[in-house]
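Below, subunit A partners subunit B and then partners subunit C, in two separate complexes.
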Partner chain A sequence: MSAVTVRAAARGAPARRAWKEGALGLALVLPPLMVLVFLIVLPAITAILDTLTPDPTVRGFTPALYTQLLASRIVRSDIVFTVVVTLVSVAVTFALSYPLALYLRFARGRLPAVLAVLFTIPLFVPVVIASFAMITFLVNHGVISTIFYRLGVQRFPPLVYNATGIVLTEVWASLPFAVLILGAGLQAIDGALIDGARDVGAGPLRTFGSIILPLNVTPTMIALTLLFINVFGSFTIPYLVGGNAPQMLGVTMTNYLTQYLRRSEAVTLAVMAFVISAVVGAVYVVSVSRRERGAV
Partner chain B sequence: MSPTWYWSVGALRRAVGVGAFLALAAFILGPLLTLLLWACAGSWLFPSLLPEFSFKWWAYVLANADVTKAIRMSFASAPLATALSALICVPAAYAFARLRFPGRRALLLSFLSANAFPKIGLYVSIATLFYRLNLMDTFAGVVLIQMVNTLLFMIWIPTGTFRGINTNLEEAARDAGAGPLRTFFQITLPIALPGLIVAVLFAFLAAFDEAQGTLIVGTPNHITMPVMMYTLVLSYPQPVGAVFSVLLSLPSIAFLLLAQRYLRAGYLAAGYSL
Partner chain C sequence: MRPARPVRVGAAVLAILLAVLLAGAGRPGPAGAQQPVTLNLYISGDTNIFDLWQKGFIPAFSKRYPQYRVNFVGLMHGNGNDGIYDKLLAAKRAGRRTDVDLWETEPGYVTQGIPEGLWLKLSPRAVPNLAKVPKDVLEAAEYYGLPYRGSSVVIGYNSQFVKTPPKTFDDVVAWIKANPGKFTYCDPNTGGSGQAFVTAAIYRYVDPARYSGKPYDVKDEAAWEQGWKMLRDLQPAMYNNGFHPNGNVAVLQLLAQQNIYMASVWSDMGLDFYTRGQLPKSMRFTQITPPLIGDDARVTLPAGSAHIGGTLVLLNWLLTPEAQNMVINMVAGYPGIDWKYMPASVREKFKDVAKGFAPYPNPKYLADIKRLWHEKVVAAQ
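After this line comes the complex of A and B, so read on.
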């Protein structure tokens, strides 16, 4: 089509209607978009710019705040601690949720029906309550330690106010997300493909490795990335269930902001958290957009 | 191989299955049941298996002025955040589902950014912006921070719902002479209602249960129930926190029961697999 005909067509009624529809669409989308910009995009950009220009009288960017914070041994150990706790929590949650999702997809009967209700319960429990419940359950002289005591076990490692407590609570809180995401992906796999593989003699492991796993890559990526970001950016669980030192970054930056009243250090830590999880966040958005390709 | 071998493997598999089920049930329900027991405990001393039952802490919690203030703050802010979010997001969701406009896909995906940032870092960044705008420790600030978590639910679930409605029905109404607004309110909206209710439910729970951001933005004068929990957990006897936890769970339980018939597994997955 030449430019002339395009211009001629643009003068026609259908083009005008399309233009009106486009304008109406943008107008309807604008209000929530402005809230999104105000609450997410603007704070993120301001945070980055502010921390790179700590002294407004000096022109140009300087990484001074970052080098200063990273020079602190406590901050460095908090960063390492956060990454390790996050990776362990994600690994444990994933190791529990994939078999559970598979079981719920393929098993029939009363037990799976009960399980399907059971595993969603943590979704409806606020994280603050979950953390407190976990403390009462696991704390020294709590329920678990009472049961151990009755069984004659007197000494065992402490289960809360340390990394173990954080991991257990994070797993408790994120198990339903992981199972739901993986389960939705497994549900979408055509049962005929699996039956076909079985018919030509593939065992359960082979079927899993060459049919189920490859067809469930995108939901798996969504589950892993979302788990990582949620655990990495958590505050309540490490604040209530974690120990004094080392702490997770969420607790460290909140302390800088509200206890030590050192705002620029708090924001610098926030930007560091953004940078560490940027790749993971990008993979998350790409994966969701890939899964929703048909729908979006 | 003898048949006994098969039998023992079958029994072993069943035992492993039941064992795994019981372990999972204990892991998920154990903490919650412990909390419930604490909520009706007068005292619970090691190593008793059960507490000494009493409801004296309920009177203590309900008579506490800070607690009633927090309950009022929660029920003022969370419904407002949900309503504002619904007001601006539902029309946008309709546009995403039905209208063609430039950048539609990218804009819809941009709402995922709420999930793509580590939450606590985002709240700290929002706090520094709020300091400049004098929104710290204000009711408006609390409502705004609660809206962060509602946007994604209120955009994506209704968009999916509107998309799932057959356009033939709307076209038929238009052919019969109904205007666009009348068509929307009399045809589209009633069909979309279950999906919209689920979106509102998720958004309300996200706003109501928001603790980390509200702690940063609302302290010291705008304390909601989940923020109150931090203080109760850290500096009160165990039963106080437990009683308050039960109070804090009531809205979730009530909403679950109310919306039960809409909560098909599909919707649950739609809400949480974003």
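After this line comes the complex of A and C, so read on.
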């Protein structure tokens, strides 16, 4: 072997290793990437194009399907209903889960440890079962109304088969998820900062306002956006616990597809739902990339 | 909405296959020398229909005809019907045989497949017992498909609270108005018993025949306005100020808990619940005049099936008293053969409900009825 080839081989080895690593990396990302492209991105694009060209014999795009659906009072009320129910569910979930997450982060002892296990239980209960449990619990002649009846309350607002029922069940189902995400954000706050604040005489409120809250904005935004998208797109809970009208978009879409035999309207509704989710999703992406850049 | 349980269904199919195989192995008999023929049945329906086939028909048929093995494929709530239709159509166009020997499905697919030549036309020559089936029932599907059982929507009422049972649709409406909060029907998107009440209100003012045939014209739907108005006016007198639960079963549960005293229910489901003791003892079922909608369940034989001979033997057996009694005892269905061939005790049991039924609107009108009900009845409140 001549000296020249030895040198060339020595130069080629790291390059080849780098290429191999690159190829391995690509091979590892390829399957999920293919799934993303072929099962999500491409179908979504064709779906959007389909809704803009309802009549294949006519060239060019037209928003006819959108204007026609939005002209229907019931579709408009379904969209508004979905957004309102989602916002209320997210607000209630957040109001309940944030104090719980704070408590679990900062309290010491056995009780928080037990609670930390207890609150995750809904994560392991299928939503179908949870929904039926809520119905049994909330329906007239159910547990809640019986208790109130015994206490002497005769007239009682219906708690199920309406927006109240959906919100209560959505909150029940998303609470553990919210606490876990918010808790993870709170765990990331350096304990030394809080101890330091305490050392210079800051009370609990001051510590919360000046240290915890500012450091926790991004995880909170992430939790809120994920909660929104989760509730917004839900089907099982509104289908089982909701009323006849207005309905949440998940149920409306399914009806258009399987009951009214109007596929293109169903897809158009899906695109509208996608746009609303995408706006909220943008907040998520911005929050995540802010954190990636180290802004916390 | 009930989730399908494919694993359990699969296990049940396997168990029955094994049972059939073992039964076959234990009985060499005259047919033992021949190679047994396997018939593939694709049956769509709910768990009660699966049980009828798996625990009733198939074991009895295999016992009587050991030369046939039966492979049961269950399509829960009709999931997969689309794929089977495409498969049959593709096989037909490619000129190939298909492994679907018998298919129980929604009438829409059968109608679609007739011009494509997908089905075998039945005749009393091929299936002798067909002579016992009422002619008009066979003609309704142009002799494609064997109507082996039927059911219709009827009015279920709790006789403890309803002293004079309704005889007509107007009687029902009058009772609802006089007893607010004690009647409901299911959301027509979620069950036939709800569709029956809604179509009854529409049929009250129009000729049903105009909407049950094949022609479809959106303009004809203007005639439904009076029906919508009647339903809208009834809303405040419905259970829970106008609540319609999801699914046929949810309505039966409201009757069971005595939250309501009257409802439109499927004859077979209602009688089945009653027999199992899941409804109050005082529950009764009656058909009104004009009757509510109903249908005959048909099994259809694909023309490209490789085992037409065997499947015809099965079809003929389905119309024997042995199989027809299973329809009555296991799912409280109406027999496929004429009532006069059934024992007097059976006729007595069904005398209040078995009065024929109104035709279903064609699938396109039905889809529009469901959408317009949502728009004009519940959302307009």
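What we mean here is this: the second predicted complex is superposed on the first by the 272 of 296 C-alpha atoms of A that agree within 3 Å, B and C clash if a C-alpha of one lies under 4 Å from a C-alpha of the other, contacts with A are read in each partner's own complex, and residues count from 1 in each chain.
Keep this in mind: a contact is a pair of C-beta atoms (placed from the backbone, for glycine too) under 8 Å apart; a residue touches a chain by one contact, two chains touch by 3 or more.
The structure presented is a predicted model; accordingly, all values stated were derived computationally and were not measured.
Asker: Does subunit C touch more residues of subunit A than subunit B does, or is it the other way round?
Answerer: B
Asker: So, does A:203 touch the first partner subunit B, the second partner subunit C, both, or neither?
Answerer: In the superposition, A:203 contacts neither subunit B nor subunit C.
Asker: Name the contact category of A:116: first (subunit B only), second (subunit C only), both, or neither.
Answerer: After superposing on A, A:116 lies in contact with subunit B but is clear of subunit C.
Asker: Taking the superposition as given, does A:245 touch the first partner, subunit B, the second, subunit C, both, or neither?
Answerer: A:245: touches subunit C, not subunit B.
Asker: Check whether A:281 is in contact with subunit B, with subunit C, with both or with neither, and answer first, second, both or neither.
Answerer: So A:281 only meets subunit B here.
Asker: Determine, under the contact definition given at the top, whether A:191 touches first (subunit B), second (subunit C), both, or neither.
Answerer: A:191: touches no partner chain.
Asker: Between subunit B and subunit C, whom does A:74 touch in the aligned arrangement: first, second, both, or neither?
Answerer: The second partner, subunit C, only.
Asker: Considering only touches as defined above, state whether A:128 meets subunit B (first), subunit C (second), both or neither.
Answerer: Both partners.
Asker: Is A:141 touching anything from subunit B or subunit C once the two structures are fitted on A? First, second, both or neither.
Answerer: both
Asker: Overlap the subunit B and subunit C contact sets on subunit A and report the shared residues.
Answerer: Subunit A residues touching both partners: 128, 141, 236, 239-240.
Asker: How about subunit A: which of its residues touch subunit C in the complex?
Answerer: Contacts found on subunit A: 72-74, 77, 128, 140-141, 158, 161, 236, 239-240, 243-246, 255-256, 259-262.
Asker: Hey, which residues of subunit A end up touching subunit B in the complex?
Answerer: Those in contact with subunit B are residues 18, 21-26, 28-33, 35-36, 38-44, 46-47, 50, 96, 100, 111, 115-116, 118-138, 141-147, 149-150, 172, 175-177, 180-181, 183-184, 219, 222, 226, 229-230, 232-236, 239-240, 249-250, 253-254, 257-258, 263, 266-267, 269-271, 273-274, 277, 281-282, 284-285, 288-289, 295-296.
Asker: Where on subunit C is subunit A touching in the complex?
Answerer: Spelled out, the residues of subunit C in touch with subunit A are 1, 3, 187, 189, 240, 242-246, 257, 259, 363-364, 367-368, 370-371, 374-375, 378-379, 381.
Asker: Over in the complex, which subunit B residues touch subunit A? Could you list them?
Answerer: For subunit B paired with subunit A, touching residues are 17, 21, 24-25, 27-32, 34-35, 38, 46-49, 85, 88-89, 91-92, 94-96, 99-102, 104-105, 107-129, 131, 144-145, 147-148, 151, 154-155, 160, 163, 205, 209, 211-212, 215-216, 219, 226, 229-230, 233-234, 238, 241-242, 245, 248-249, 252-253, 256, 265, 268-269, 272-274.
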